[in-house]
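Both of the next two complexes hold subunit A, though its partner changes from subunit B to subunit C.
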Partner chain A sequence: MSNVAGKAQALNVWTPTRRKGIENRIIFWVLPRFFKKKLRGLQTLSLIHYARWVIIAPKDFPNLGEGQPTEELRHHYECFLSNFNGNWDQYIDSFSMSLGTGLDMLWFKNVGFPNSVPIEPFHAYINANSIPTDHYYSAYPLAASNDVKAAQRVRDSLVTLAGSASGMSPKQFRQAYDDTIRKHQDDISRLDESVIVSLATEAVQNQARQEAF
Partner chain B sequence: MVGAGGGGRLPKSSKHYGLTALCPIKLGTAPGRNSSYEAVVRETLAGLDSHERSPMARVPNTYLARLYILKDVFYEGRSQQEHLKSQYLFFGSDFHGELEPYLRGMWENIEPEVRLIWQHCVAFGSSVNSAESFVDYIKKCQVSNTFLFNGSNDRPLAEQLKGLYLKQEFGDFVASHQGASDDELRSAFLSFAERVQVTKLDGPTWRPGAQTLESARTHS
Partner chain C sequence: MTTFEIRSGVDLHDVQGNIIKGYGRYGFPVARYVTYRINAAVAGRTFIKLLVPMLTTSVPWSESGVVEEGTKQPPSTTNVALTYEGLRRLGVPERSLLSFPDEFVMGMRARASILGDVGASAPKNWDPVWQTEDGQQPVHLLVTINAESSDALAQRYEEVGLAARAANDVAGDSAGVQQLAGHRSAGGADAAFQDGAALRDEHGTPGPKEHFGYTDGISDPYYKDSGSRSSNVIGGGKRLRDSSPATDAGWAPLATGELLLGHTDEALEYPAAPVPSTLSKNGTYLVYRKLHQNVATFDRYAASEAAKLSMEENLFRAKLVGRWPNGAPLASFPTEAEANAFNAKLEQAKADRFDETATPTQRAAATERHLELKEQQSGFDYREDIAGESCPVGAHSRRANPRGSLEFGQDHAFSTPGALVNRRRIARRGLPYGDSSDRSVDNGDHGIIFMAIGASINRQFEFVQQQWMNFGNDFRLGNDQDALLASWPDEDIDPLRARMTFEVDPDGMEVPKICTGIPQFVETRGGDYFFVPSLTALSAIARGAVDPT
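Our next item is the complex of A and B:
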């Protein structure tokens, strides 16, 4: 069981909504359409690869027949999934700081939601409603979401530079090369492996290395 | 990049697809085992290899994926307590592209693991025996996202991995060619470009799921 895949961490939170989640559905419909500025906090947060909120009505639980009983729930549930970098405390603190009270909108009036400030009850609420991941996979455990975005910018520029280098004089190339480096000085930092989070993780990594040879 | 479907119908933001599926697990005790089906599924998930050896590393265009068991809903102590009647295998995947080709690719590349993971889910054994029936099955289990957020990009995975490979290699190149003359620099860069094959996505590049620089670089 692991919520961690290198630098990516998984979070699964299930919370009951009030009034069939109608207000929550409205908020999630309105936010991206009319309050894009509010969401810029999420974009600039730069800790998140991908995230989603799913409001699930009792009838949405799939029933495939073959004797499967029908769910009889009174609440509609809000399911939050996130793939983020760093540890949970950093994530939720940054989340709270970048969105401020906007965070309250994302769990608006969910049963027991204590609001995002003060932060301790909010931490406790999210922890109490989290489900551990049994299998978690990231295609790039060595990279944070910022690395993926920076890598794309570097690649796009290298395609241009490599395509024109052979037709340039050494002096012209120097100019183009320096321009590329200047443009990407924040993008070309080296990636390194994530810090060892536990001795058990280190043991697993060592074992995997040995098996690879 | 943010995407939210009208009424929560769209699971996509641009070319990033967020699949959310709840697959009901059979009730009762697994034949030949002194355990519930749910416990057997959990045991299977715990036994899957991780990182580059995860089955999901072989599914084209998978950015991130997770599997867990939803055993019950949460009670907050404030209203009437309620419980699920079934447990669900939760499958969430963030990937590039469209759902149907993605699921077909999943079946074609990891069919044995798909059968192993889903074998104790309701109606899987009786209805899934091909890529198309697997697509139909997961679509029946799919729930619509209400709000999907992309904090990264939505390029094909091969482009993302090639980008990471190039970022690392170019960083090394820049560090090791400080102070080079114009002639030396241009000549060295042409050799570098020939070696890293900037536009070639299938190699040299990074291996999907690699968690060490050593294993990431071996893919070429």
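Our next item is the complex of A and C:
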């Protein structure tokens, strides 16, 4: 039971909306079309892999049958899913300070939402409404989303370089190689295990390693 | 009776002086850090009671020019700080103790893996004074003394020692408070205290250099109501949008609560603080860290790697740090000629400012000139240098304070350019220690006593150390670490792991230079997390009167 895999942290937050989340759905539609600027922070914040906000109606909650009791849900729920690098407690300030007004719009009128600033009530709200991750897997435990994006850029360039290299003179190749290095000067940083962001996570991982032997 | 005006929303009489005053290297070139163990609560409380009247507060001195009449700058200053174990042994109630944040309760040793204190920096290699047999924090109380001269230092140290003995007499326990020796020094590993001193130039004048040869401590955060000169907001405050970083319109003071508990912070709330509020208000946290510097390794690497990369060695040194050794920032002065010309002007203005043969008018004019030039040392950001062609993205000073560059050129990405920076600022105090005139060996006694002050150790110091020094993701630099501070878990450093890129203009024709095989330059030698209570709180602790009910 850990919300951490490799360099990624999972966050699942379920919060009840008002009026069937109609206003939220409008905001979700309008925001990326007409208020792109408000979301730029989300794209720039280099720790976020992705973030998604969805409204789920009571009838759309899954029921597996087999005797699972039916819930009596009074609200449409807003479901927030995110994967990001780093640790939630540590980066709460970054989310809140850099995306503040955007977050306030996305959680607009959700029951009990305290706004993203001040941070302590926001932090408590997210923690209280988040669902711990039962199973969380990372295919590239050494890579943060920045690293994956960088690797894709490097790969594309290398493929291009390799494809055109055979017809080049040594001098031309040198030039093309240097151009590639320059273009990717910050895409070729070291890839390694995450720094230890939480002593609890470190303990869980050490335990898992011991059990593997 | 003298009267003076405090133009401040903070009761500076209540705030210990080391929090707000830098105790500058010119006025107070020498310091002594004295560590104590508290074996008997009565002795500890009496010691604090006797120390309180000796403590230096944050009230500005008349010389500083902020107030016309005020307290005179003393020949020495005295401040006191307590670890969690210290507070516990002094009898602070459990409920108050449990209200302190985790990292403070655990102490620095237990946070080693968070801080990257591994390999040579691992706690087992720290000075004896920081070693523990029972798992408890060994140091309970820290007295810091800064002084204008060695004599003043010795005198104040003597007085503090007398207070400790008097406290033990009262308690009837000769080891009630016990001064802890075990600081490594030139004379061995058992010094009774840790000394620090500004390094002196060839004329014997104390200066701002540290042992690697850089001018240090140029840019310090500027907080609202801190009583310091308002022009320090330039480069010291939080970066505003749409105004030049060279002017004071480009910056605003950081909220007081980033520095002091009991005041609103950048998140518009009171920082989480221990109860009762009288215990925490006007107090803060201090990180004490003794960092040994491998000067021979540093000199050798700078020379050989600069040659390997076909660079001037001074430029190489500047690229590692983001400032030329003389302090001029690479972002504003990309060539050595510009940096030297600027520094010559700065030195001249400083000399004129303190020239006793000049008329008061001349000196006033020189003072203005000097301060304006000093603003240029910190009045800049990286908006014109997002790619890092002047100052590398991973340069030490850019990592420590990205100055609003984490929008990566995406203007208006965040509500304010400093969104990711403003809550990570730390006030740096402390001084170099030891002598590194023999540059041929690493194992002499030389390094820096790094002290970081702020309202949250975890959010500020630990974050910067972990995410910005020991990691690179926030800068889109993968796992690349700070070249200066990186620690490595084993002796054999994979040369490709310890690397740093000196970026070039992405649209130009140059090829970026990548240094590899960076050895470990700095080793942690000890330290801990301390609480720096207000004078009110210290008095309450001394009387055993802390009641969170």
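The working rule: the second predicted complex is superposed on the first by the 185 of 213 C-alpha atoms of A that agree within 3 Å, B and C clash if a C-alpha of one lies under 4 Å from a C-alpha of the other, contacts with A are read in each partner's own complex, and residues count from 1 in each chain.
By definition in this document, a residue touches a chain if its C-beta (ideal position, glycine included) is under 8 Å from a C-beta of that chain, and two chains touch if they have at least 3 such contacts.
Just so you know, these numbers come straight off a predicted model, no measurement behind them.
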Which holds for A:K59: it touches subunit B only (first), subunit C only (second), both, or neither? neither
With both complexes superposed on chain A, which partner does A:R182 reach: first (subunit B), second (subunit C), both or neither? second
So in the superposed three-chain picture, is A:S94 touching just subunit B, just subunit C, both, or none of them (first/second/both/neither)? second
Per the overlay, which chain contacts more subunit A residues, subunit B or subunit C? B
Which superposed partner A:M168 touches (first subunit B, second subunit C, both, neither): first
Once chain A of both complexes is superposed, is A:G6 in touch with subunit B (first), subunit C (second), both, or neither? first
Contacts of A:Y136 with subunit B and subunit C, given as first, second, both or neither: first
Looking at A:R19 after the superposition, I want to know if it touches subunit B, subunit C, both of them or none. Which is it: first, second, both, neither? neither
Across the two complexes, find the residues of subunit A that touch subunit B and also touch subunit C. 43, 45-47, 147, 150, 181, 188-194
In the complex, subunit C touches subunit A at residues 110-111, 113-114, 116, 266-269, 272, 387-388, 393, 406-408, 410, 412-416, 419-420, 422-423, 458-459, 463, 466-467, 470-480, 496-497, 499, 501, 503-504, 506, 508, 510-512
The answer for subunit B against subunit A in the complex is residues 1-4, 6-8, 16, 18, 20, 22-24, 27, 42, 45-46, 48, 50-51, 53-54, 56-57, 62-71, 73-74, 76-80, 82, 84-86, 88, 90, 92, 94, 122-123, 126, 140-153, 155, 157, 159-164, 166-168, 170-172, 174, 181-183, 185-186, 189-190, 193, 198-199, 206, 208-216
Residues of subunit A touching subunit C in their complex? 7, 37, 40-41, 43-47, 85-86, 90, 93-94, 96-101, 117-120, 144, 146-147, 150, 178, 181-183, 185-186, 188-199, 202
Footprint of subunit B on subunit A - complex, ascending: 1-2, 5-6, 8, 10, 12, 14-16, 24-25, 28-29, 31-32, 36, 39, 42-43, 45-56, 60-75, 77, 79, 81, 83, 111-112, 128-129, 131-143, 145, 147-152, 154-155, 158-159, 161-162, 165-166, 168, 170-171, 173-174, 177, 181, 187-194, 204-205, 208-209, 212
